[in-house]
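What follows is chain A paired twice: with chain B in the first complex and chain C in the second.
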Partner chain A sequence: MEQNARREFFIRLAQGTALAATGGLIWSALLQQQAKAMPNALRPPGALDEDDFQALCIKCGLCVRDCPYDTLRLSTAGDSVPIGTPYFLPREIPCYMCPDIPCKVACPTGALTPELTDINGARMGLAVIDIENCLSWQGLRCEICHRECPLTDTAITVEHNPRKISKHALFVPIVHSDACTGCGICEKACPTDEAAIRVVAHELVQGKIGDHYRLGWKVDTTITPDFKPYEKSGPLPVAPDASGGLDYLNEGVP
Partner chain B sequence: MEITRREFLKSSIAATTAATVGMPLIQGAQAASEDFEADWQWDKGVCRFCGTGCGIMVATKKGRIVATKGDPDAPVNRGLNCIKGYFNGKIQYGKDRLTQPLMRMTDGKFDKKGKFTPVSWEQAFDEMERQFRKAYAEKGPAGVAVFGSGQYTIQEGYASAKLMKAGFRSNNIDPNARHCMASAVVGFIQTFGIDEPAGNYDDIEHTDTVVSWGANMAECHPILWSRVADRRLSSDDVKIVNLSTYANETSNIADTEILFKPGTDLAIWNYIAREIIKRDAVNHDFVDKHCVFATGPYDIGYGMRNTDKYAFDAEKDIMAKELEVTLTAEEAIAQRRKTGEKVKQNNTKKPVKHWLITYEDFKEALDPYTLDFVSQLAKGDPDESLDDFRAKLKLLADLYIDKGRKVVSFWTMGFNQHYRGSWINEQAYMVHLLLGKQSMPGNGAFSLTGQPSACGTAREVGTFAHRLPADMVVMNPKHRARSEQIWKLPPRTINPKVGSHITKIMRDLEDGQVKFAWVQVNNPFQATANANHWLKAAREMDNFIVVSDPYPTISAKVSDLILPSAMIFEKWGGYGNAERRTQMWREQVPPPGQARSDVWQAMEFAKRFRLKDVWGEQMVPGLEAEGFESGKLPDVLDKAREMGYSPDDTLYDVLFATPENRKFKWPDKVAKGHDNHTVKAGALDWFPEKALYQEYVQFGRGHEHDLADFDVYYRDDVRGLKWPVVDGKETEWRFNEKYDPYVKKGSGFEFYGKALKELPTGDLDKPTSKEKTSLAGKAKIFFRPYAAPPEQPDDNYDLWMCTGRVLEHWHTGTMTRRVPELHRAVPTALFYMHPKDAEDRGLKRKDVAMVESRRGKVQAVVETQGRDDPPRGYTFIAFFDEGVLVNKLVPDITCPMSKETDFKKCAVKVRKA
Partner chain C sequence: MKTGRGAIRMASNGRPVRPFIMPSTLSGRLGVWRYLILRRITQLTILLLFFGTAHWGWSVAGRPLLSGNLSSSRLLDLVPMADPFAVLQIFLTRHMLQPEVLIGAGIVLVFYALVGGRVWCAWVCPVNMVTDLAGWLRTRLGIRDMFHVNRDIRYSVLALTLVLSFLTGVAAFEWVSPISMFHRELIFGAGLGWTAVLGVFLFDLLVVKHGWCGHLCPLGAFYALVGRFAPVRVGFDAPTCTHCGECARVCPEPQVLNLRQAAEAGMIRSGECTNCGRCIPVCPEGTLQFDLRHRIGAADQSHESKPHQRRLA
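Here is the complex of A and B:
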């Protein structure tokens, strides 16, 4: 009860800041901060894409209120997150992945989508490992992240590789984006001074293989037995940029 | 390829749900595209780029390549690709793809000084025919030429070679593969009497020791190198040595890196051979049974012009060495002569002649190559101690000699592009044969190739100035007769005089000997050394140059007529890789616009000529051969009539659409529904790619070069086959009884190649008797001395410059520079130099430098750190970048035996631009 009261206070404080700012000189400064805010805040489970989320979130704080672990907080002035929106810092308090997802249930607008019914389907961010400072990658037998991970052996697996400089194998943790929920329990648990595994917004770290390529051993294909050639004489596969080629060709000897 | 928002949304409920729960778009898109891919059609193919020969799978939709993947069933690469291979699906979609013929015109007519203007194929061939006839009338078969390619499909190379050799009776067809592996070929033919490696890539998994000589495999054969790396990681007993003139990526997993001075690799091999003898490690049983010893003349020049009539003033001092050389102190020791001795180069015309010597002579010749002598001569890095370098050389000898160790030596352009490239190839076999470590799993000297079909087409089909298919040569009357028989030509149709090699074709353009040249599947005006001469010759001499290419290249730019070509998966074709593996693919998509296959182009051009135009008497200056009048090819039209030909038959009828070939009907069930635009464009009822291939395989069958039937390579369960394919079985290791059906039973090993197997006997300096001994079944162990590079840094041009490749770009970048991602990664060729050398010249990293040699200058961006790390005194630059035409700098010095250019040794000076 007392805890809830404290949280209410902070929520009101955050909302109050936003309100107070409307009348003050710092309004323009806040606007700048809003504009500069990085799209990399870790949002509660079920949050829509950042643009859609910001459009729908009414900064009511109900998700924060209903989070049983105090994980969620509302951003205040000075945070690098748009003011009044919910986020969390896993090194302080990670998301403990409540099966009933109370934050989502509390959300009145669908900014945290009601379609998220299984917390394991949440994608709050992606854990990434600094392999230079990860003790496991150096060969120490740590792998705390792997053991602490709520989806261990799915979201974090351990690979065994030879360690060239001794007789011992390396036990290296590997994060898999298709299962990692971004809860941050690994980041919280990481025993190094600064966490060597951290949860980061997907768009900050995740690459993408070209649409023109498939990994040979992952995508199964068979030779098409009855190939249908392209019959249409319609538009060329490539729009010829003959003039560009011509300019180059006619510009003289190199 | 882009998935539109709409398609994305409708693709599947699962994907939509995933997206709404905050799953990153990447995963959503992946789920969507899997559904989207349902109507993709997949087929097997081969990577377009290097000589490794990785298998890929190609997906198409609506006439477009939508994706590729590494083929998990391909034994070469098991589903992997390098970053060039990753972009196989994008190379055909550059914005400036040529889709119609372009000709230099003024006022609607061809004009050498005119501007490129779109024309029809009809107009293009009309002018081409007119220009060809003019050149042919004036200069005969020697006045026309084809710049061929190691990237020709088998059928393209075969069609072009047949058109030139059988049709136009000209041997002036030579591929860019001359720049790439001609020295390897000479090494093979001289040593074994037959071309191409004995082993295969599985040697990597079988060996304990990989020695890479003058190869940056890590970048230039990336997927093979990952096999080597895997082998290295499997056990600490596996050792890797990288010999190079500068530190490169291949050093990264090497246990030992040996940086040597350019050209001293010749001395290092001799040191190893001397050690083998000194340590009594010669495998006498193997050597006595299977080998003989041989040597040849040293005064063979450097493959330059023997006149400086066309030379720039600054290059005359180097060119004078073609006539006479003053021996350095080291050469004097290495060649048992006196320092400062002036040696006339008397054997420039017959550099390949050689004779048998005794084992005692061989030993004596190696005697000067002590560790003391070789380590002082060869140490390349001025900042390395002599003791360290000595220790490395000794370790290298230890690794080779260790009886318990298997050794594979790999090399590429560092050996082949060498002023003594043929010698150094032979030296590799010298060491492997002395040890008996050859032609068995995990043991062997293995020459890697650079291009995807340097082996399969340039060498096996024989698109060289001296070659015919299946290792035959135009100089040999029996070979000509056999070819004339298969090709159904009257006797003495084929020209017995060797044509111009690729660099000589350039020289012929410069001195007006060649008036018509057709560039096919290569970019010689960027890739040939001493380019300033040739660029000028193309534009200022009276000649007509045709370039067939998918893109506007430097060569296209200096040509007179440009023909738009179909690219790899826009036509049917086959390639042969460095392990003798022949692989084929089907046409997957139509070529854009009016682009057409090179086979179609050759056949259409052939329709323009009748037998009476070409098979009459022809002047060939310098032709001297038994059965031929001096300087003349005979009129063979009468004989042709007897054979049932009419003088009015076209070359197309006689060479391509023969009654036998027309029996290969189109459509064919091997196509599985795939199209053939060559058939469509020519309105044919026959299948030219299959017919030409089936005609071609007759040359090799029963002659140690057996290939399987066309259809076999298209079977779903086949991923290429290593020739000779005998009774349906491929050959893993040649010359070894266990694996090779051509080896006599009970012999163990037999080096059965037939070429150059009758030799006179002599001493170290000369043949002493004319009587020839047969060496049937044996390999030759050559003694070849150290000789100094003709161009070396001096006070004025004070740095070595080496050229080569980077992983990201293929050759002259005409395809890979049109892939935006590859261009973004490596937009320009960087000039790698030692930081101290840069500092001494007032240069900082990323400064633009003026790099100048005796032959020209270019500007390039300086790099003092990164992938290549030259010692003081050395520099490296890649040749892919047409913005940095580095071949303007490089001398056209060649190995006199192979005529392959030494692109690795050029003296330059560098200053701030």
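Here is the complex of A and C:
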């Protein structure tokens, strides 16, 4: 009798474990798939790294409600963005960079970090230019993105590339990742049929050189800020004491 | 249990067992449906307040009336409220939350700890309207359960939610919750969330009776634990009960109507009781009434013949 009860208990235990394990596997697969739904979703200003953002966002939509330009939208089931989280599509409505950052103020959890106080410090994404379709890169004087950029001449500069004789110079827009906020006003303004300048999540376009590369011709290189050529090499080698050496060629071996 | 019409069965307390008879007048019926009507009014009012604030800019003295949604909201831009279960999950993903949402979760937690945890389920949750409809329809159509599901499985789902939140780093239930999906889409515009709600509806209608709310939902399980010691309870006046069984027939969580336990405690003690009030108007003897826990306790002590004391003696 007791044997049976024990046996029954272990079978129930195994059944419960199996059910929990199967359910847990399916469930976590669903979560993983959801979380990676659209890695390039553009988040509101002040959003933490995507992983932390996804964990902290409680999906309340308060940021969406407080966005005065209706830039932010809340993803629904079936969208490619993780469910219930805020994002924006700059070609439709970009972020107009409110100085008081109402979306961040509205966030109750800190998924949009309260540490962001200057909207120009936001890093929602990075504008990238398709030079094959950019009018300026074809030789036209477009430069609309440069003029529309809220940080014009800082985040987007225009540089002129002289070309061969008989062709006029190119005036091309260049985006600088250290200043670009990813607001997407350039993308909205781009006059081509499909935007030739687009805001993309940093991790999708930005490379990383690697700490072991030292650009020797750039002592103040910003790529490896920890690199200080003279600090690491220690004291310069000291010349050997002249009197200590052997001049056996002239003086012969003693 | 029911005997034939005309034959009067006597209960153990010496009273005749009377069946519940639905009144034929409208006012009588409205009386029977009073808690149902109140619950629908509460549920729809809360939805309407959220919707009106989001879409029609409802405000009082320049302050938005009720912004956000059931996951996290603000009343008059002043009182924060947050889903304590969602906050617990986020907390388990090892992320520190801002004070506002912690205070909000605290306020909600205290509220439900007082009025009964699963008051959320019966009086606020929008999915309740869907599952109630499914439950009503399946009774009408005479659909039987496809298979038996243990009602305690919801506590396993609850535990699994917490474990998965810890392991995957995202709030596990919030990402699949048909409740949040439904509610968000009602307020912020439709997507495919209705398919999840349809799933719940069909599951409740065709597979298991009260399948979602009564067996699986981890939020309901969470609130069942929160409301375990809530002061607001359905009181049970044992001497008047004839064990007619009318209450169990309408109760979505009939296991809470353990009448022996209820007689000992003088109330429906289980946290799984949703305080929906279905049982109260159908009780032909008036045995079941909303009451306060401490009043029931006081009444018990004033009586010499406290049932369980008598049994112990």
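Operating definition for what follows: the second predicted complex is superposed on the first by the 177 of 254 C-alpha atoms of A that agree within 3 Å, B and C clash if a C-alpha of one lies under 4 Å from a C-alpha of the other, contacts with A are read in each partner's own complex, and residues count from 1 in each chain.
To be clear about the criterion, a residue touches a chain if its C-beta (ideal position, glycine included) is under 8 Å from a C-beta of that chain, and two chains touch if they have at least 3 such contacts.
Only a predicted model underlies this, so the values are computations on that prediction, with no experimental measurement involved.
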**Message:** Quick check for you: in the superposed arrangement, does A:S80 touch first (chain B), second (chain C), both or neither?
**Reply:** neither
**Message:** Between chain B and chain C, whom does A:T154 touch in the aligned arrangement: first, second, both, or neither?
**Reply:** neither
**Message:** In this superposition, which partner touches a larger number of chain A residues, chain B or chain C?
**Reply:** B
**Prompt:** Of the partners chain B and chain C, which touch A:D51 in the superposed model: first, second, both, neither?
**Reply:** second
**Request:** Mind working out whether A:T192 is in touch with chain B, chain C, both or neither, as first, second, both or neither?
**Result:** neither
**Prompt:** Looking at chain A, which of its residues have contacts with both chain B and chain C?
**Reply:** none
**Item:** Interfacial residue positions of chain A with respect to chain B in the complex
**Value:** 43, 45-49, 113, 115-116, 121-124, 126, 162, 177-178, 202-203, 206, 208, 210-217, 219, 221-230, 232, 236-238, 240-242, 244-246, 248-251, 253-254
**chain C-touching residues of chain A, taken from the complex the two chains share** = 16, 19-20, 23-24, 27-28, 30-32, 34-35, 51-52, 54-56, 58-62, 64-65, 74-79, 82-84, 107-110, 114
**Request:** Please name which positions on chain C make contact with chain A in the complex.
**Result:** 53-54, 64, 67-69, 71-74, 80, 82-83, 86-87, 90, 93, 95-98, 100-101, 104, 156-157, 160, 163-164, 167-172, 174-176, 180-181, 184-185, 187-193, 195-196
**Message:** Applying the document's contact rule, which stretches of chain B touch chain A when the two form their complex?
**Reply:** 1-3, 17, 19-27, 29, 33, 41-44, 57, 59-60, 62-72, 78-81, 86-87, 89-90, 92-93, 95-100, 102, 115-116, 118, 233, 535-536, 539, 551-552, 554, 556-558, 562, 586, 589-590, 592-593, 671-675, 716, 821, 882, 885
